[in-house]
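Two complexes are shown next, each including chain A; its partner changes from chain B in the first to chain C in the second.
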Partner chain A sequence: MKLNWAVIGPAAAAGCGLALAGILPSVVETFVLVDLTAYIVMSILALSLALVWGYGGILCFGQSAFFGLGGYAYVIGLINLGDSTIPVALGIVVPMIFAALLGYFLFYGRVGDIYLGVITLSVSLILYNLINSGAQFKIGSAAIGGNNGIPGVPPINFPGVPSSQLSYEGSFQLSLAALVIIYVALHFLLASNFGRVVVAIRSNELRTELLGYDARLYKLVTFVVGAAIAGLAGVLFANWGSFIGPTVFSIFFSAQIIIWVMVGGLGTLLGAVAGASIIQAVTTWLGSNKIADPNIILGIIFIVFVLLVPKGIQPRLADWLRSLSAWRGSSGKLT
Partner chain B sequence: MDFFAVVVIQVVYAIATLALISIGLAIIYGMMRVINFAHGEFLMLGGYATVIPTHAGINLWFSMLVIAPVTIGLFGVVVERLIVRRLYGRVIETMLATWGLSLLIIGLVSWIIGYYQEGAAPPLGSILIGSYHVSTYTFFVILATSVIVVGVYVFFKFTPHGLIAQGTMQNDRMAAALGVNVHKVYAVTFGLGAALSGLAGAILAPMFGVMPIIGITYITKAFIVVVSGGSLVIGGTASASVLFGTISQIVTFATTPIVGEVALLVAAVLLLRLLPQGITGRFFRRGL
Partner chain C sequence: MHAPALSDADVREMTNGPILRTVGLRKTFGGVAAVDGVDFALAEGELRCIIGPNGAGKSTFFKMLTGQLRPSEGRILFRGQDISRQQRFRISQLGVAIKTQVPSVYDDLPVKENVRLSAARKQRPAGVRETVHHVLTRLNLSNHADRLVGELAHGQRQWVELAMLLAADPTLILLDEPTAGLTRNEVERLAQLLREMRGKQSVIVVEHDMAFVQMIGGTVTVFHEGRILVEDTMANIRRNTQVRNVYLGKR
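After this line comes the complex of A and B, so read on.
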């Protein structure tokens, strides 16, 4: 029974993903696809923090640093090389190296939770300042552009063939495929020995260490895997908007990622995807209707969830469903 | 020689600014072991509470030294009552809730006041050192910071409330058992931290201007100072400010202010590898 569930979840996700990727492009308008692509990219980013914070218990407040680094590494590589194959790899590897370096100092120093959160956020804010003021810098033939960012990024192309570029439909399908693959892979990663140790460290670090596992190493690897996923999301984001700018490092963006994961529920994967999509939909709707400054709404959502729904939506729903079925079960016995 | 004097003044000024923007955060952290993510917005509101009354015709010094700290201090007490108190003992949730508050305040201020607000020019003019002009206000910032740091020291060391607060920091359960109203101590200390943040924002407003997102430019430095300083309010703030102020200002002289900021962060990460509890986790443990 238990094994069944572990397979049904990912299989269902893969099936839904395949169906959507096949059917949607021929059913809906292109601009809807483009919107959906953004939600998918943000969901991938949310999954990266769901792994690092939700399962690993690593309080990373600056996940946007890896997202932005991935995006910038990809764009700079692409402008210099003209073919997207190596830049996509760069967009994943550069954040991983950066995370490995930063993580080494933080985890091997055994820095506490609060410090970890504050330092990771500071890293992303200082990257923002650095890129924002770097108007005059050029890396190869790519101008960083400072505050203006780098516009006009060419689309991802078929590996090795720069002329066969992805259309909007192709980008949608690629992003959706990435989301499904990452979701399924995380499922299996968390069910593996490695994943169980990671979750054990979150529950009780000392006890896990006494059982012979090096918590520092496990945290570091989790952190680096999270950075790789965030970097890939950054690549897809730059591809989605043909643009990358310093706002990906801003405190508002970092806060959003935290809000997605928190609203969805810590320690869930599907919740993170749902949280990212819902919050993204709300802020886009508010932004396009100019009802209120999105920061007001985000701030209120943030405070309300911390105070009233600290476990997030998905665990709440699960509780509710459980109590409903328990109630139905007991009423069945009575009659 | 003149140049050397100017460099020294700039380094001391950098140290003073760091200590000034961090002391309010450090008091709240030292007391409740919580990083107040809305700290930057307390500073920002302090700036507005100076500039707006000044444009309404009130004396600049009165707005800066009285209106700003009192308003923001009271605001801090309200925040403690409405949000922080409900999450007492849950450190991560408290940080997240204050982060939400920070977004909310930024959103409200940019909605109500807008992105443009005329600032206030630094008063006092400038003095000449050799062939270099140095703003007299620089000296005022250094002086004000020294007075604040000494004042906080005297408060915690010699006043009854300060001693009770210090005892509560060290062992809140014991303090409660001895009849101290811990909640009241927390509220007052949070208010004090907020008031000092407001005052810092007010003092710096003529130098850096005011806008809804000005807080973000302050918080990175304040976070790093408090985290690297460790749990002691004065010792931590002072030692980390001296260390990082010197490093970042010297790098700034050699390159640009942004690279100076990067150097500050790199130094902090290296330092935390060696001293994960911050400077005062290892040294000056018995101080304040």
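After this line comes the complex of A and C, so read on.
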């Protein structure tokens, strides 16, 4: 019987998400939930690059720029307004506007792939330097704090009710809900005609334009949607740690996202989530047990994957499953 | 500013003049003129072949017609509208489809999806399914519908690209060396297909295969060193000493 993966995938994801959100908070310790929340936030960030790079073929080295902009826009808005409702929207809209402007010049100027990588990385580093050296900057009542970042960020509150703030459990459930919704939404976006044209452009941009599709527009929209998702991840990240600092714009942070997506598998969604979660878990564990420097391990993981598993975890697992069932099928015929 | 008044000839051209016309079309690459002043006209529903030795400017001419290259000088009029400075996707939207010299297809996507992407540009989903089915059947590709295009032989990939063109239902079709990699039978099938299109769609074919050009008939344009050398029937062109000298490299 042929299963309909287009429906089963998102349905299973939503079901697992709901079950986890309901059961986990009453089963595990709070600190485990806090750790899991971090993995979930990083998974959302990984999904944003999985869309832009994995499906759109746009190698954006500065995805963390949108993540950081989202985080900062949210925190600055929250300190000024005291109610998180509008700041959450700001954390999504500000990176979108920024991406629309940057993307307009990148795509309508027909900038080549390599230059696009260099420019996006530079933009991220410029933001890093700007915030890092801006100890004296103030936006409204929010002090940017330069190198120290902005500590003591209050939690997200129920829309319109600043006194009703999210607990650790609530933050976990909200982040997980966001992850599931974004995963399912991306799934349907990629199955739509828009998503299939985006994949076609990655495959052969010339042919796609000769068929009458404006590749510049499709890439720009993909870029802006990716920025919105990264911005939301930034909001949830600032909420998770009650803190936002300039390191979110650093080269380390940008590189990390690329490694998650690559390890998980380019052109997959679930792979990006797995890549981000596994690598975050491994580096956190190594770091807290002082076994090895997490950066060196991250570098080794990257090199091993580039050389040995270039397709990434998810496509590799799918290959193994396929050959396993083929082997079973053939041995079944023999006996 | 006043727009110049339209003459009778202008009006005639806009209504039932040639579907495609180029005026003094030139393209230079660093001082070398690949196309050097081409005045070309194609009637509605006409099937035209362009022949000429390598480097005669045929592919450059096609690239300008489809917006892949900007002309250095001159104009391209498609149904009276100047398209010489248009983006390539805009020209495609006007109804010009091209099969490039090296097949430009989606190697990592199934045959069906290649054709679907073309049909879906201007059709609703229900119509798309029907168009894809119809085109795949017409070009004998139904058996390969689910295979990745990258797995197919060169000749089959030519058919896939042709299927993509037909699925878009264009008014002007440009084919750059469509017989490359085709078997003798396939060449005959392609000639048959093109003959069927005559009168319904306008087609320009760039070809080296003289037997094929003879097979589809009609007017033949000979390019040489970026210019049009002669325009005539294939039978007359075979007798033309100037053309023979060009192909044999004499001056």
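Here, the second predicted complex is superposed on the first by the 332 of 335 C-alpha atoms of A that agree within 3 Å, B and C clash if a C-alpha of one lies under 4 Å from a C-alpha of the other, contacts with A are read in each partner's own complex, and residues count from 1 in each chain.
Operating definition for what follows: contacts are C-beta pairs under 8 Å (C-beta built on N, C-alpha and C of every residue); 3 or more make two chains touch, one makes a residue touch a chain.
Because the structure is predicted, anything quoted here is derived from the model rather than measured.
Applying the stated clash criterion after superposition on chain A shows that chain B and chain C can sit side by side. In the superposed pair of complexes, A:Asn193 makes contact with chain C only, with no contact to chain B.
In the overlay built on the shared chain, the residue A:Arg207 is in contact with chain C alone; chain B does not reach it. When the two complexes are overlaid on their common chain A, residue A:Asp293 makes contact with chain B while staying clear of chain C. Taking chain B and chain C in turn and counting the residues of chain A each one touches, the greater count comes from B.
Aligning both complexes on chain A leaves chain B and chain C separated at their closest CA atoms by 10 Å.
Chain A uses no single residue to touch chain B in one structure and chain C in the other.
On the side of chain A, the complex with chain B involves touching residues 59, 102, 105-106, 108-115, 117-119, 121-123, 125-126, 129-130, 133, 250-252, 255, 258, 262, 292-303, 306-307, 310.
Partner chain A is touched in their complex by these residues of chain B: 33-35, 83, 86-87, 91-93, 95-97, 99-108, 110-111, 216, 219-220, 223-224, 227, 256, 258, 261-262, 265, 268-270, 272-274, 276-278. Listed in rising order, the residues of chain C touching chain A in the complex are 66, 68, 87-89, 92-93, 97-98, 100, 104-109, 113, 116-118, 120-122, 125, 164, 168. Those residues of chain A lying in contact with chain C across their complex are 193, 196-197, 199-200, 203-204, 206-215.
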